[in-house]
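By written order: A, B, C, D, E and F. Residues from 1 in each chain.
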Amino acid sequence: MDNQRRFITDLTPGESIDQVFLVRDKDLRTTRSGDLYVMCTLCDRTGTLNGRLWQASEGIFRSIPTEGFLHVKGRTEDYRGTLQLIIEACRPYPAEKLDLADFLATTDKDIEQMWGELLDILRAIENKPLRMLIKKFVEDTEFVAAFKKAPAAMQMHHPFIGGLLEHTLGVARATKVVLELYPELNADLLLASVFLHDVGKAAELTSGISITYTDRGQLVGHITIAAMWVQERARQVAEETGEAFPQRTLDLLQHLILSHHGVHDYGSPKLPAIPEAFVLHYLDNLDAKMYMTLRAIETDVNAQSAFTTYLPQLETRIYKHSQDLS
Amino acid sequence: MDNQRRFITDLTPGESIDQVFLVRDKDLRTTRSGDLYVMCTLCDRTGTLNGRLWQASEGIFRSIPTEGFLHVKGRTEDYRGTLQLIIEACRPYPAEKLDLADFLATTDKDIEQMWGELLDILRAIENKPLRMLIKKFVEDTEFVAAFKKAPAAMQMHHPFIGGLLEHTLGVARATKVVLELYPELNADLLLASVFLHDVGKAAELTSGISITYTDRGQLVGHITIAAMWVQERARQVAEETGEAFPQRTLDLLQHLILSHHGVHDYGSPKLPAIPEAFVLHYLDNLDAKMYMTLRAIETDVNAQSAFTTYLPQLETRIYKHSQDLS
Amino acid sequence: MDNQRRFITDLTPGESIDQVFLVRDKDLRTTRSGDLYVMCTLCDRTGTLNGRLWQASEGIFRSIPTEGFLHVKGRTEDYRGTLQLIIEACRPYPAEKLDLADFLATTDKDIEQMWGELLDILRAIENKPLRMLIKKFVEDTEFVAAFKKAPAAMQMHHPFIGGLLEHTLGVARATKVVLELYPELNADLLLASVFLHDVGKAAELTSGISITYTDRGQLVGHITIAAMWVQERARQVAEETGEAFPQRTLDLLQHLILSHHGVHDYGSPKLPAIPEAFVLHYLDNLDAKMYMTLRAIETDVNAQSAFTTYLPQLETRIYKHSQDLS
Amino acid sequence: MDNQRRFITDLTPGESIDQVFLVRDKDLRTTRSGDLYVMCTLCDRTGTLNGRLWQASEGIFRSIPTEGFLHVKGRTEDYRGTLQLIIEACRPYPAEKLDLADFLATTDKDIEQMWGELLDILRAIENKPLRMLIKKFVEDTEFVAAFKKAPAAMQMHHPFIGGLLEHTLGVARATKVVLELYPELNADLLLASVFLHDVGKAAELTSGISITYTDRGQLVGHITIAAMWVQERARQVAEETGEAFPQRTLDLLQHLILSHHGVHDYGSPKLPAIPEAFVLHYLDNLDAKMYMTLRAIETDVNAQSAFTTYLPQLETRIYKHSQDLS
Amino acid sequence: MDNQRRFITDLTPGESIDQVFLVRDKDLRTTRSGDLYVMCTLCDRTGTLNGRLWQASEGIFRSIPTEGFLHVKGRTEDYRGTLQLIIEACRPYPAEKLDLADFLATTDKDIEQMWGELLDILRAIENKPLRMLIKKFVEDTEFVAAFKKAPAAMQMHHPFIGGLLEHTLGVARATKVVLELYPELNADLLLASVFLHDVGKAAELTSGISITYTDRGQLVGHITIAAMWVQERARQVAEETGEAFPQRTLDLLQHLILSHHGVHDYGSPKLPAIPEAFVLHYLDNLDAKMYMTLRAIETDVNAQSAFTTYLPQLETRIYKHSQDLS
Amino acid sequence: MDNQRRFITDLTPGESIDQVFLVRDKDLRTTRSGDLYVMCTLCDRTGTLNGRLWQASEGIFRSIPTEGFLHVKGRTEDYRGTLQLIIEACRPYPAEKLDLADFLATTDKDIEQMWGELLDILRAIENKPLRMLIKKFVEDTEFVAAFKKAPAAMQMHHPFIGGLLEHTLGVARATKVVLELYPELNADLLLASVFLHDVGKAAELTSGISITYTDRGQLVGHITIAAMWVQERARQVAEETGEAFPQRTLDLLQHLILSHHGVHDYGSPKLPAIPEAFVLHYLDNLDAKMYMTLRAIETDVNAQSAFTTYLPQLETRIYKHSQDLS
């Protein structure tokens, strides 16, 4: 095994491979002549690749983990325009000896630095009940750990470890500068809602080897989860202070969370009904769309076309050369 | 003042009136010749009536309460096909001396009897955590008082004191008999959700002299409020028992509440994803539509037409004689 | 051939097979080396299976019926996670010697017993013209035979022989118990409409070896067909009695049929405009959704997931464990 | 009473009036000082006008027919930009002495001539069963009388006596010329469907003093009624000839009727599924839109604006001067 | 006439008035007793007011301008909760002697200062063809005069003189700060599109005494007009330089204009297909919504309610106290 | 190579082939045993065919053009119900020696004859500015060449060389005859708009070896392009005549182009607002639907079914035998 990992995104046809992949979706198949072979999906943090092992046996098949790490020797080839890897030999590999960050898609930003910047932005909040409420979240180490690790979505935008934090910070930065332009807005309320609008995703999505919905995520959803968390933390603040948490503050903060998708169709039970709710809705959308479009341009495989493939979530293809007018 | 009240719904042109009404929307106006007169709305539990007092003064105008009770002497007359009351004399009247039920629209069923029947139906629940959860609601006298008094809606269906209870019982009765036809359903879960699906309306709507949205109702909404109440009561159950409230039970019960409007457009953040959620959605709708259609038929004023007026919420007019095939 | 049939749903990889299947979609293909082989679909009432016959010839291919019965010898194997059957020998098999119920998906309820129960429920109808109208349907043996055999849909719900009857009975049972809760409803009219609402499906769908739309079903549709049948039978009643069939009764019964899909988008030319039409619409939907959700849970193949696959017709995945709170 | 009628559309403020109107919506009202006066609507075929009779009595009020003819003396005046008629004296007037065509909105084309032209166009049909089917309609004098008198709609387009015929002829003329451009089309089928597509309106709408929906029209609708009439006449043809009416011909003709609104939202239970159905849909729409736009331009009252008022059914205002480029 | 103008927004019942108003919608009416009176609308830049002049004559009526300035003496009074002005005497007033800014709704910002700031922001553009293109607009004094005067909409947002400039500057400011957060964006292209996205409104809307659509605005629309203006100016640049204007730059700039409404339903013929188009769409919307919500809060007349009236364009009522958490 | 070309649409399994095809989408693949083979798509104007070349080498692969002409020897065979061609030998072939019309889908009408007929129809236009404007287009040889060659769409309708002309002529013919039926219409304006409504497609779509969107087509769209061309030509007319082009004529012509898709959802920034716009919209749609339905019937491969496959753009399957009632 080479010391230097070749990432999937960099592979070309005809390379010899001798390194570890994350393996999924293994399948034992029979050829016409009765021979067995194995098909599987090989992954690292940069992408996925079909693997094929000819002259297989049931023993070999069983030795491959259902979802785990596999040391593979073989060579790459082009199959119908897609790269695949012909596996000549393989054996399971212990996770402990690996740098997991090579295999799981992760933000390429520094998580602690982002977290620090987000806290800095939140420090501008002066309203005392809101400060205490946010403190309840920020001092809950279990919550913070989950928040830092969570993706922002399964596929749509920021679907990787740290994605929720990266996206939240993106919205916070934009909110901070936009707030200066509209002094009528309640900055405290808006900044608090930016931090909290998607926290429910830490419970809606798993952040393990693959990103999927939790049962609670699917049945209850991150919007309602976040509203409940705010309710619960407000109760804790009230217990601590011995005074009721201000009702209007609570109502408005929950309203911002509940309405941030902007329309019923995307799962918001309430439509924006305060100016701040429109700011949150548009800047949240803006940050997500920047990820989606820039990422689609960056990863588009068809160099000959000036447009990406059709993106169903945007109902269009994206033109790839708006950055270059020459 | 006669001992026997004449209700607004029974009045005809040309009657002499000497009794108390609830008064609203008073307005001092000037005629062409500079004389002042008062326009106001007179109400009792059966309907509303325009009141008009000629030869008014600012003093008289101020003596009429903004929203309160008024003893009126005068006569009824027909004005453009609508009855109005020409007020000859009036003075404010103390609420204490009145039977409020004469003035506020109220269910015509016995509230305690309905509540008893609902509790009977809920007694069929065997699952222990659900029983304890419901107990937390049922033994909270403040909640129960609000629940019994709450309307089910501002206008759409059961918009009167006790309407929420009457509607909840209607859905519970239908659920009880339908459950016997589909034995695969989880009866405990479904009955609990029937009880709880609309409880948030007790906080969403006021149930005073007029029914309106509370700030929290408008900003957060009864669906999310109910989900939060369930969360809070489940926490209390867990504290009491010293064991975590079963997560799946909590997820499913909240899912039923969140999805009971059936589609995103009506404010459900989640679509029904368990068989029980479809039952709740259809039987809730069925009971509401029975109220809306039967009430529209009953109160339609145009005797000459076989159809009611156009009902925007149903996108049609209702035919009034389906009960009579002869 | 074994005496005891192995149903497709029970097969596992590696079994030797020697029995009859219903065959469809046969296809003669050439391998790279110019050899011919046959692909086909093998069916019984429990499901379908791909069949593959290597070293084929045109003669063998022609000997396989286009849609008919085939005696097959061979072995099962797993191909890309799906079972297939490698056919070693085969010959056509006469339908007469088979129990067709082994091959065509059929209700697992007793058809005659269901029919009897449905007639019992309809006996509660007291209105004489409606009784005579229903009698015209019930005494038409050709209609009754088709009604008992018809499926309720091609795929959505109850897509099997007897499905229309099973679904109609499901709606009738629910209607019967719900009617007791809303005494204002016209029970005669509603029960008659429950029986007739989907009868057009007996002409819209074939109920032969495979369920497909008839030309008339596709061009005219079961809703209009049912309305026409009611028109024609009412004419026959009028001829028999010498009196015009009561117009209002006819109008309302046809209205119930025409509006039972509830919204224009699902092909209803009229929206519900009588209370009874809402009952029919909701209980029809309820019974269909119970089939769809419970069936999706029952047949879901992915044991590891707590949710079924995505169901486009419900716009969600269904959670499989709502019946089990423990 | 002058010999020469002044039509409402021609009246200006300040005229003395002495002639008969159709009266509707009479209303007895009380002034502030207790005096009675009468408000009513006066109509002729060109429009409507508010009538007001001061110093009324109950006797005078009762003498005015609820919906009938009234001989009126009085003068016109402008009231808030709208013309009204101050009635000085009035008495009921016998319908027999009037030319009803002065009072009911009627096509300004010759009905018999239009009917003759329509029959001429239909004579091009060669297919024998279709010819016989159409004959069944055309020889039914009761049907023909109703068809000639029926409006094409309550308000949307051709809402006057003879409107259905005028519209049907408009579509027939356009179809005739378009057919020559697309020789692949089945001309017989298409022409028959043009004649029959809206015949149900003869039963859906009343064509008396005012145009309203019949109960059957509201509950069943003209689309289904027309499909049923075709079914019934086809049965009569079959009885007469002793041969079954060709099923495909019947299916296609009914399909054309059922799909001619083009989309479900406008009440079509089926979408166009043959080329002819698209022709019917577009030319039907074209003729209706020509009426709606040209009529809106012709009757728009605001001479200063280059656009008509907003037309909700077209979701726009119509520019009035496209005919004049100078 | 007082030296100091009383603006309509500040008037209360019972004031004596002696000053000039802009008058519109004058109407001569007859009372029951045959007396004439005049109704009209009185306006200044702060709002509108009904005016009523009793004991009128045709001469007085004619002396009032159809749309112009009127010196009025009279007194204010409350009529059905709305203020009206009883006119005792009036005469037309020459526009020359007035400060028009008192009568026409105008931005309360300094127009030249806003224009200067906008030009400053545009100076950051480095791309030469874009600079030349913008210069063509900025040096066209007729265009600049129209741009500075134009409103941003008839009613929705910034419906006043200078509104287009105020809104454009608002979007430009937000774009400038957001651009720093997303360095991948093409700043030149985006800033140019911010300036040009709504310029077509200068031709779509009139900016005279009342704001209405021009014929070209209604028939062609500001989106297409702006795209055409860019096309024409690019042609001029090409003529001047003797080189073709870069096609990609032109395509992208027009794309930004055409897609800035974001969805087809709001009249965009193209959906956003470059990252910059999403930024323009969201920040344009954000600035408009800030105006709409803050303005609705500021002008809401019902002090007792915590919510504004229902705003159809936002499908909700706006909560008025989000700025104040205490 | 045979003298007589065998077109793809006529090929059957088992033929020996020796002729030229247009080749696309070539792909070099590896078999299990490491052998290379080539997959490619072979085209002529009648359709496409998969080509497969076993025992390939990189040299052979490179010798095949990426998109160009290939002389092929081989034999046809059936693969999974689809015809494929096993290539035994091949070499590139010079385009100059070919009749390109054999390879590119082209209208089967005579282009010059269609163009002549279209000009004849346009000659009926009497309005001078419109005549001059059209002349500017018709005398621009570059435009005319592109217009004659352009397809009307990528896939939906008339997707072949000459398709735009064929479709435009189809709409022009229908407009000509319909105009006679509605004499109120402005024939000059309507005919001019028929000619120009889709001209932008000459710039929106390429018309080379394959039909795709140009960058400008995708970013700006044919509707706006056409409106701009009209603007530019009108400017040229004005320059030539020294008089402004009549503004109303320009507004209306552009309005017709902008609104001809009829609804916002299909990319029309304006809804039809003159009678002529409805005619253009319906007859444009009619001609397109005739192509789509008749073509779907003609090319449907499944002879056993009375319906075509499901057509997503029409949301239905098309019945294939409406032309034949027997």
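The working rule: a residue touches a chain if its C-beta (ideal position, glycine included) is under 8 Å from a C-beta of that chain, and two chains touch if they have at least 3 such contacts.
The structure presented is a predicted model; accordingly, all values stated were derived computationally and were not measured.
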Which neighbours does chain A have in common with chain E? B, F
Greatest Cα-centre separation from chain C belongs to chain E
Which integer distance in Å separates the CA centroid of chain E from that of chain F? 44
Can you list every residue of chain A that touches 2 or more other chains, as numbers and ranges? 215, 218-219, 248, 252, 255, 273, 307, 317, 319
Chains touch one another in the pairs A-B, A-C, A-E, A-F, B-C, B-D, B-E, C-D, C-F, D-E, D-F, E-F
Using the touch rule from the top, collect the residues of chain A that touch chain E in their complex. 127, 129-130, 170, 173-174, 177-178, 180-182, 184-186, 188-189, 246, 248-249, 252, 255, 271-276, 278-279, 282-283, 285-286, 289-290, 293-294, 297, 307, 314-319, 321-326
Contacting residues of chain E [partner chain D, same complex]: 27-30, 32, 39, 215, 218-219
Within the complex, chain F is touched by chain A residues 31, 37, 54, 77-81, 306-307, 317, 319
How about chain E: which of its residues touch chain F in the complex? 215-216, 218-221, 223-224, 227-228, 231-232, 235, 247-248, 251-252, 254-255, 258, 264-270, 273
